[in-house]
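Below are two complexes that have chain A in common, paired first with chain B and then with chain C.
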Partner chain A sequence: MIAPAKPDLVTVNIDGQEIAVPKGTNVIEAARLVNVDVPHYCYHPKLSVVGNCRMCLIEMGMPAVDPATKAPIMDPATGKQKINWIPRPQIGCGTNVSPGLHVKTTSPMVKDAREGVMEFLLINHPLDCPICDQAGECKLQEQATGYGRGYSRFVEQKNVKPKRTQLGPRVTLDDERCILCSRCIRFSKEIAQDDVLGFVDRGSYSTLTCYPGKKLENNYSLNTVDICPVGALTSTDFRFKMRVWFLKQTNAIDTESSVGANTLVWSREGTIYRITPRRNDEVNDTWLADSARVLYKAVKAADRLAATETIEVLVARAAALFKSTPGAIAVVGSARSTVEEQFFTRHLATALKASAQLVSRVGQGDKLLISADRNPNVRGALVTGLIKTLPAQQLTDLAAQIDAGKIKVVVAINEDLAAAGLTAAQLAKVSIVYLGAHANATSAAAKVVFPTLTVFEKSGTYVNQQFRIQKTLKAVPAAAGATDDLVVLAQLVAAAGGAALPAELGLLWKVIAAEVPALATMTFANLPETGLVLDATPYAALPFVEGETLHYKPAQPAVAAATA
Partner chain B sequence: MPAPEQHRIIFKHIDEPGYTNDIGCYLRNGGYEVLKKAVARKPEDIIDEVKKSGLRGRGGAGFPCGVKWGLVDRKSGKPIYLIVNADESEPGTFKDRYIMHQDPHQLIESTMISCFANNVKQAYIYIRGEMPHGARILEKAIAEARVANFVGPNILGTGYSCEIFVHRGAGAYICGEETGLIESLEGKRANPRIKPPYFPAVLGLYQCPTIVNNVETLCHVKYIAEHGGAEYAKIGTPGNTGTRIFCVSGHVQRPGYYEFPAGTITMGQLLNEVCGGPLPGRKFKAVIPGGSSAKILRFGERFKGKRKVGTELVDYDWGVEDVPMDFDSLGMIGTMGGSGGVIVMDDTVNMVEALANINAFYSHESCGQCTPCREGSLWMKKITSRMVHGQARNEDAALLKSVADQIPGRTICAFGEACSWPTQSFIAKFGDEFKQYPETKKTAKPADAVALV
Partner chain C sequence: MNLKPETLSKIDEVITHYPTKRSATLPLLHLIQEDVGHLPPDTSEWVAAKLELQPINVLEVITFYPMFRQKPIGRRHIKVCRTLSCALLGGYKTCAAFEKEFHTHLGEVSPDGEVTVDFVECLASCGTAPVVMIDDELHEKVDCAKAKQLSDQIKAEAKKR
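The block that comes next holds the complex of A and B.
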């Protein structure tokens, strides 16, 4: 790995604390490093700086030097260099550090400026916190409490603006709550590259809206809701469903493509209410696709499978199938399974003396957070040794072997064989053991069906396109009648005559670490929240399908580009 | 002391009988001779002359023009743009319009000299949207100048080329703020930019170095190129060189525009002698010396302090009538020379109502980008508007002052000052009138009184 260039460090003084920060850091970020909060609304670390909310006003000064000799002017009272304080407050977001910069965030001037801005922001705000979805995670609430005066002097009529504008299919806008910070406008323009939002009218009557004939309907529209510091932009899906302080947050991973965007799953009493992005500067910054936020609906989907028999009965039935057809068994694993499940799949295939194959899913990459590889864990299968080459989209070899009568039993794990190219006649010709959460053509044709879990009901790891291994945690308890994939797989391995493997993750990872050299030093518990990058060099020659996304550049040009 | 004579160098031909705005008339009066000589000189010489002249910007801030030109980033390799700020919108100011309507070629010649001096290949005249007639006159004048080879490719055979485009403004006061103007010229909302980093001299129009000068300022450049900076600096007073045009409006006998050497005339001379004094039977009450955003002066108040004359500090004790009308003197007494729009109010004016009018203007013109100005200007408007419509409270004066104090110095552009200074100064100078206003409202207005904002 090439070490990043050492940034030029600049020493600044914030509220009396000296700190060295990289050149180009602004005052808000520098202050964060010494645990000093500089309140702000319009500033967002991943968007351009506009300096319009004026909440981050700070007092700033530079060391005094003699204009003629450039010699430092000392303050006899303190024995240190004198500081020339600028008599007007400056914005922290738009002020980059410079050597010797001094900042005060608690002086009377700053306090007065913050109180003034807070008062101005609130005079035309509806103050409808009791019915506002943002309540509890609202910057306006937090900073009014922290930096406001706490009383109102405003006796005039408040401005009236549209209360429920549907900006697009997923975003509803309450213009009266809007504080005109323009984060959503900048996000749409700069990140989503879909410039549809703007202000109309002027002054305090400025109103956020879509351009005529346009809608906020790109697949990243809900990020505007996340970054809205107030309750103006709300998710149409989540609106009025639940107070946020009742919700439990669980770290998870977006499983819709190999990007592996980090997410937070918000649930209460076994029900998931929403999914939001979790910041990871190396993967998804602070963003998440809209499509990733509705994945939780799979948990309570109408087509969830539920067992009518005990798992022991089902395992015994599968074991009987395994015994009846030795040497004629195929295992179809999944690149959507976790690393742990793939590890078990490998053991199952070994025990059954069967070959394991995976199914590839390829779509159009959006160059942001959805890659062309729509499987979240192809690289996990490579790392665990389940596969040596990249999977194909169709199971043509398996189909031929079934037609030739060489395969009598197929174990399908989380994969619909019909979708992977097997015909109904081929499915009918073999005995299928199916593991999966939802009903499909394969589960309908299967002799044995193990209802298993969705990603939100289990913990595990995924290896994304950067070979970054990341952890997802169980957000809600398993649905009734469904069993953890690892429990089912452990029992199937045992039934096939393989080694006894623990289904509990802490114990399992000791086995994984011992068997998989790439993961030798890891445990499940100590895997960092932002993941760990594995050595990708053994796989450098493989023709991965991904093109460029937000924090990923393919090591070699995509296959299509190479052959073109 | 009698008032000095008018000294018209910019308004030399304004209202001259028989003087028309076509190029023929301009050439007959010696037009474009300065440009012909200028293009034979070294551009740096002209910049030096402007620096020597001490010319200060006439748009409002009074920033030295030579310094502004000196700040331009000439090493970036990017093109340099020049923008003529003809978005004359400050209430009480009406000087640039006369130049454009009656003597457009003076502006075009001055612009071309300034472009040549700064190696500008493309200039824009950003004219206020509400001045369509002026825009048509300028378009015609530029076409005439192009035919005569004063504008366009290979000017006067020198190999130097420069185009001028007229761009009509977007109908907002804030379009006159230089970075707002640049945004508007780029086709966006005129939201002023944050400085740093977007100083026009470095990152201006299309992120290229840009010079933005007021119409009148550029016209002075032509005079400077003709007569030299040292000669120009002899007009007026040190630090306030050249002439100033005063646009006097309101309650005087002869409102209008008057051009005097800067600093040579006092407020009293201007209003009493030049403009003929107050209307019959009335008395002067207040005057705003530099456009409606400048702080108001109350007749009868005294200003004391020390000022620099040459190298010495001299005591001064002025009434409003004694104040010399230049940037520095007006600055010393807590107001500003601004754009030269002198607004006079006599004893028939109720100051609460006058402020309500000003606040209505500024709240309508705030771009809405940054919080203190957006919310503060409308709040002040709502307070004064409520007061004049009969719901005045005793505590309103203190509240107005407190709201106004939360705005200046905390905004992206100078509009924060522009919208809060009137309120601050009205309350400071006429606080009693604001406190008594609930009582005042109990007296019925004459039937023919104008409607209130």
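The block that comes next holds the complex of A and C.
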């Protein structure tokens, strides 16, 4: 017998390669570890296993033992233990590894089985790839190429089913393309907890449908589009817009809450077409909220700010304001800024001898991928030392100081002061230097406005609720007339008499590593794609607002509740 | 959903027969169909609430079984067997005879409201083909003449009402 390498590992043999895998792994996942592809449709690593598509058929066998003595039976030809192969194919998704399991994925039986399954799946399939949005990322297309027989023997009439059902506000269904894998049904039931999808008229006319009178409209509905292995479920927003193979993929972070779900931004020639989830088993698994997928619309929004003067002129004007009112300057930073920007904000506040404050945003958590803290980077501000305590939702202190005439200049970075509780009169009483991407009451009242970038136009890092620092990368070039926040902040720091800081991330991270002990060993370049968890203990006493979400449990729910 | 008190008590009783409520889906649907004659549109929601399921779970079951009817049928249900033995011995003709007698088509309610004729799979009496079931009663060796006789009988009873 093959002895397991560790008690919780089992050694299996896949196409002749031995590998030790954890107990409970199925054959598809075990094969993945030795780079063997077991084609599959219904199996999804984050959903229950149902075994209904039969695409993952494999041949398997177990080492032979003598039934009476349990002694291994050796094969005299090879000198190894004989393998008893099961004479029928088995499904890989529903077969968990057991010690000594042998698997063949390339045998004639497996090839036959795959061809047979593909043939049946294609019988009623419309074969409309030329007009199908899924083309290029379709498992059916890929596996028909890889494992299909290449020509059709079907001479009968194909089934006709509904071609464009609106399942909900964001998802369109083409029932003819559906291969009845049930992934979307299981997702809705198991993850979104909104069990509205199902198969009716089971048999030759099985049809995926939403319960009559209900809609697939939960905030996770677009995940069904992601996991649909074919082009049956399509995003109403993205449908017919662009061929996926033309799109460039950029790793990014969802900034709508402190969960920090990992995303892929799909763009072409400076235009973003869609946002999809990027798998991170410690943060968002393979899921993403629908609301996170429309954030890119901010890039081309009608209210984008654009500069009418050069940045030098603007900086000079800000510098004049700084000089005219020493000691009466306040800095309002943002928990929506990146770690790097917050680091610069701290430098700016120090150089201006001003105190820095942030604005908190609190909403209802959805227990999945949107947390109660709607700022993506409160913890970044703590780690960089920009703030010591958690921010408040209203700038009450600042309002009082303005009223008392103690503050004459406010530098607002990415925050609308009016939304944070300052009145129009208070805004009029001070000189405002505003940095932001979009117009609002503050930019309208500001003396100096620096148009800056949306998250999709810049690179940087965010620290999520788990104190996981994660990287987001620039997907599209900066809009005309907008300048990178870091460039603006670096010049403002210099204008305020602070140290010269590099706006280029590689150089900047050397400075950050030197000044921020928690980030001392980090560089931007080698931050892993799945992020890096920082030490949270220094902040254990703070009353964070988040409740439980996927892969996150608040450390001290009692404290949070008491102070809420 | 307007069910008779007996049906309601049978429903509550039958739920207790199963370790999980979900398992009572089929018996409940049968009871409702017996009571109402078919499964009205709000069945899925009513059963789902009763069994702590979602309506789609029940609808999947209803649409799977041809014996669950989602539309009203005639006063009597004539089921003519269409499977091999019956087909060889004239089942198709028998079926056509019933359709003609009641001026109706398969699956529809006859204009007089008396019957619905269905062409169904094997009724497990292949030795006496062709066979027909009228409601719960089995009729054997039903050729066209016997079909006419059975139809006349139904019409006569209808007149008496």
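Criterion: the second predicted complex is superposed on the first by the 552 of 564 C-alpha atoms of A that agree within 3 Å, B and C clash if a C-alpha of one lies under 4 Å from a C-alpha of the other, contacts with A are read in each partner's own complex, and residues count from 1 in each chain.
Definition applied: contacts are C-beta pairs under 8 Å (C-beta built on N, C-alpha and C of every residue); 3 or more make two chains touch, one makes a residue touch a chain.
Quantities reported herein were computed from a predicted structural model and do not represent experimental measurements.
**Q** Tell me the contact category for A:211 with respect to chain B and chain C: first, second, both or neither.
**A** A:211 contacts chain C only, not chain B.
**Q** Which chain, chain B or chain C, ends up touching more residues of chain A in the combined arrangement?
**A** Greater contact footprint in residues on chain A: B.
**Q** Considering only the touch criterion stated at the top, classify A:240 as touching first (chain B), second (chain C), both, or neither.
**A** In the superposition, A:240 contacts neither chain B nor chain C.
**Q** Considering only touches as defined above, state whether A:54 meets chain B (first), chain C (second), both or neither.
**A** first
**Q** Looking at the overlay, what does A:195 touch: chain B (first), chain C (second), both, or neither?
**A** second
**Q** Under the contact rule defined above, give the chain A residues that sit at the interface with chain B and also at the interface with chain C.
**A** 198-199, 201-203
**Q** Any idea which chain B residues touch chain A in the complex?
**A** So the residues of chain B in touch with chain A come to 172, 189, 191, 194, 196-197, 363-372, 374-379, 382-383, 386, 399, 402, 406-407, 409-412.
**Q** Tell me, which parts of chain A touch chain B in their complex?
**A** Spelled out, the residues of chain A in touch with chain B are 49-55, 57, 88-89, 91, 94, 112-113, 116-117, 119-121, 123-124, 153-154, 156-157, 159, 179-180, 198-199, 201-206.
**Q** Note which residues of chain C are touching chain A in the complex, please.
**A** 44, 54-57, 59-60, 63-64
**Q** If you look only at chain A, which of its residues touch chain C in the complex?
**A** 189, 195-203, 209-212, 214
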